[in-house]
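Next come two complexes built around subunit A: one with subunit B, the other with subunit C.
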Partner chain A sequence: MPKSEKAKLVGESQNMFNNKIIIGTVMILFFILFSVFGTLIGPSSDLSQDYDLSLKPPSLEHPFGTDLLGRDMYIRAVQGGRISLLVGFLSIIVSLLVGLPLGAIAGYYGGWIDTLIMRSADIFLSMPTILGALLIMALIGPGLINILIVFSMLGWAYIARLFRSNVISIKNSDFILSARGLGASGPRIIFRHIAPNSVGPVLLFALMNIGTAILAESVLSFLGVGLQPPVVSWGYLLSESVTRYMVAPWLMYFPGALLTLTVIGFTLIGEGVSFVFDPKERYE
Partner chain B sequence: MWRYAAKRLIETILVILGVTFLVFAIFHLVPGDPITVLSGGRTLPSSVETNLRQSFGLDKPLYLQYFYYVKNIFTGDLGMSFSKNRPVIEILKETYPNSIRLAMAAIMIETIVGIGVGLYFAIRRSRYNDAIMTVSTSLLISIPVFWLAMILQQIFGVRLKWLPVSGMGDGSLRYYILPVITLSSVFVAYVAQTMRSNMIKVMGEDYIRTARASGIPESKVIRKYGLKNAISPVITLIGIDLGALMGGAVATEVIFNWPGIGNQIYLAILARDRPLVMGAVLTLVIIFIFINFLVDVSYSYFDPRIRNSEGR
Partner chain C sequence: MSKPLLKVDDLSLSTKRGKEILKNVSLDLVEGGSLGLLGSSGSGKSTLALAIKGLTRNSFSMSGRIIFNGTELVRGKIKKEIGMIFQDVASSINPAFTVYDQLSDVISESKKVSKADARALAEEMLINFGIGSSSRSGSYPHQLSGGMKQRFLVAMGIATEPSLLIADEPSSSLDIFASTDVLKLIDEYRKSSGCALILISHDLSVLRAMVSDVAVMDEGRIKETGSLLEVIDHPKSDAAKLLVDSELTVERALELRLSRQDKQADKEVADVKSK
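Take a look at the complex of A and B:
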């Protein structure tokens, strides 16, 4: 293909990748707003049980249909969204709270403490996410707090490894040396000088993983080791539909579609961001 | 080569020991005495309790208990299943083959379809095709597999009545189709993505230009010089996936009621059969780690750069 045409193609796909970030962000914002304010705009707003309305297909009054107990599935889907998104964001925040300090300590101090932290990170990194989570959840039992514990156990290692390498690459720069020369303590150097200059990519990486966390929670809840009622997520609604979706498919259509679209939003942001950050990809 | 393999083997063994230690530690940190759990909270006569403690080795110090625990795992003694009253290892032996069959079929499909699709979209590039590729791969990567499975069942089983939606029946091909599509969906997307971007990179290399300039037909350039150089990272990806498939199979097997290890884990969770859950998941994790080791070593055999860069 002629050079000008090729250049055009690259330029266009670059646009497409920027579009990915924008589309992804808009999608995520939409679903956050939906989960927060969705109950206000629905036709009905209560979750009362009504056996006359058991398993009714979608209608104007109940846009997502009703479940076995006659509860409005739209309201339940909004509530499920709150928990799904909450689990996604919280599990990443907890992973960051554990992973960043450990990565900083390993990278800054080095030596035996570095070996200790990074070898334990290897154990967690070598475990497949779903199986590892299944293993630990089966031991400690279901529940929202336990999910967060497990996800941060499995998630901190990635963050620590990434942050450690950033810290190492920056810790011998002149401005760190001069801070040390002025007598700044280790923690002060890490917090005031190293972190602000190296934490950005790590945060971005963590953000990209929110989708994965939401997806993993849905699998765990689906398998019965995730959330416990009355705390429901989209994944939990799907697991609830398992015995009935053959005859009442709307029970799974709506929560599943919401879940998929939300994760797509995060996937798009992730792909767009990695494209911007990786020049090799850009000049393919 | 051997040095690298030995180094990776030691690392792998340490990681597996680490995983068992983690499980053991959590088991002892979680509140609840095993004997109390076993007796269902009733008070046992003290002689019975002492006997039980001795038979489970619970009277020994913790480090000895850990030692026996690891020894048992590697001698295949995973305890007794509460719900079936049979050794866990026997149940695993019955269910593993079905899971491996499913995983093999999925690997085959994702290799053929993934490489084919990736290659096609690498060669036939246009704005339109690039967009199709992006949308379809993002969709496949983001969709929860069990939801995809439910939709496939709804369409091909309930509405069209073309394919069975449950079990493996007589083991004929019809029963494999929907589970295999479900299981391979995510990795078809990954393989296609990797194949496409590698191929695009390779086709921009100087040696491709030289090959074209010397008048070699385009189809031969693609096959002999492009594909050959672009495919090796894809092969690694497929190797790694073999392990991931075993894990991803859990949800798929549950939805399709496939008599494999994943479905067994689900049933054991429902029955609160802890030894069976632990045995099944732990063996899966160990297999996953071990397959990763094999992939690393075989890859280093094909690509010397890996072992040299690691062998600092």
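Take a look at the complex of A and C:
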């Protein structure tokens, strides 16, 4: 192959990592490092209660201020980040692992298997997420693991439904017919031909929903069926600040900013990923 | 006498709701032979081609037999010896991969060669087909012109070295130059490999250049078969007569032009008189 063509191929694969993915990944990596190692680099790692320090605004000693019990909000934000990111990541990963294969099978093969998978999905889709989560949490009890189970149970149905519709819109294209004509098997057609052309919007949806999962966890915690003290998350800290934000607005600012920036980071990665999966978009 | 290659015997195809798409279709093709499927849009030409390739929808009910190289084709079992060039250029190429990747994939699958060998063969083929010569082998389909896409489809169709090539209107969406290029590529492959050809078209001039026999289809039935010249010179069925009459030959174009000029002259005379 001539050198110029090889260079072009290499250049194209480099283009895959476009700016949005880079910025989003840097942001998320920063928040992951902040959550994992934040206590090591902060000015204090003490989370004891001290009523003398109750509701102190941000200072050099307590960069995020203190809460009503005088606890350092920076440390609480670091600890909250661990749980929030864990809930966001794991619930979406499990939803994708379950939803993508089921959506692909339902969309590609159709028939009774499609009916079975989609009617099962409909059961979960018929419930509003928070109400459904409340119902299931009331049955299985509060706690981190149960939150992950509930979000995965409710999340796969959206992924499966969305991916199925994308698969159906592509499976009747001539290039799929052509692949079948060349003897490609069902799984090969799904992985090699259908998935690269249809998974982009699903990944975008999933990545944008990491933020939604983080927020939904905070709602459940606020309603008392989610995390139980002393476990905290950014959502939990936000819900805690609701009654005090007039006198101590920093209680809301920092967890709110961390949550918002995390959601923006995931959204950027999602947009970048869908961009990577669309060669037309990438070259125009 | 040439060996029979394909025999379609009393093939009927209907939808779930009972709508008949193909009705008692029978045709024969010998090794190295060429057959044109002529008919208006919706007459069942493409469906027949898909049935021969084994790509009819599972929901369709099918009766009759398709015998290829002495073996009856089982529905859904794909014969790689039958190559196909699809009609719709825009949707026939996977948009997510470069044409180079797609062609080397097909070559490595069908010839069971190593990836490196397949890539080398794909590159050579793309250059021969005028796609790789201008740094385009690493291009995505949307970066190619219509003619290049169609040439790429021909390359994909013959990459498996089929003994029967079905080309579904391979030049209908192209300008005259690109169309000639594509037909030439198909013809060259036929000459070098001796493969048989089924060419679907409603363009008599294309069929004239490419095939010796023709089957005229209408409403899912074969209305007439015979040598191309025989059918064009002495069409027997209404469908064949209509298609032959609608061909825009040089004589017919001249007639149309003269009648238009006559009308223009009449108008000018009328204008002068009214003044």
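Operating definition for what follows: the second predicted complex is superposed on the first by the 168 of 284 C-alpha atoms of A that agree within 3 Å, B and C clash if a C-alpha of one lies under 4 Å from a C-alpha of the other, contacts with A are read in each partner's own complex, and residues count from 1 in each chain.
In this text, a contact is a pair of C-beta atoms (placed from the backbone, for glycine too) under 8 Å apart; a residue touches a chain by one contact, two chains touch by 3 or more.
Predicted model, so just to flag it, every value in this text is computed and none were measured.
Contact with subunit B, but none with subunit C, is seen for A:Thr260 once the two complexes are overlaid on the shared chain. Counted by residues of subunit A touched, the larger count belongs to B, out of subunit B and subunit C.
Contact with subunit C, but none with subunit B, is seen for A:Gly181 once the two complexes are overlaid on the shared chain.
Touch criterion not met for A:Val273: it reaches neither subunit B nor subunit C. Of the two partner chains placed by the overlay, only subunit B lies in contact with A:Ile123; subunit C stays clear of it. Of the two partner chains placed around the shared chain by superposition, subunit B is the only one that A:Leu139 touches, whereas subunit C remains out of contact. After overlaying the two complexes on the shared chain, residue contacts for A:Leu131 are found with subunit B alone; subunit C is out of touch.
When both complexes are overlaid on chain A, the residue A:Leu237 reaches neither subunit B nor subunit C. By the document's definition of touching, of the two partners only subunit B reaches A:Ser218; subunit C does not. Residues 9, 12, 280 of subunit A contact both subunit B in one complex and subunit C in the other.
Listed in rising order, the residues of subunit A touching subunit B in the complex are 9, 12-13, 16, 20, 119-120, 122-123, 126-128, 130-132, 134-136, 138-141, 211, 215, 218-219, 222-225, 235, 238, 241-242, 245-246, 249, 252-253, 256, 259-260, 263-264, 266-268, 271, 280-281, 284.
Those residues of subunit A whose C-beta lies close enough to touch subunit C in the complex are 1-2, 4-5, 8-9, 12, 173-175, 177-184, 192-193, 196-197, 277, 279-280, 283. Residue ranges on subunit C touching subunit A, taken from their complex, read 50, 53-55, 78, 80, 84, 86-88, 91-98, 100, 105-106, 109-110, 119, 123, 132, 135, 137-138, 140, 142-143, 156, 160.
On the side of subunit B, the complex with subunit A involves touching residues 11, 14-15, 18-19, 22-23, 26-27, 30, 125-127, 130-131, 134, 138-139, 141-147, 150-151, 153-154, 157-158, 165, 197, 200-201, 204, 243-244, 247-248, 250-251, 254-255, 265-266, 269-270, 274, 277-278, 281-282, 284-285, 288-289, 292.
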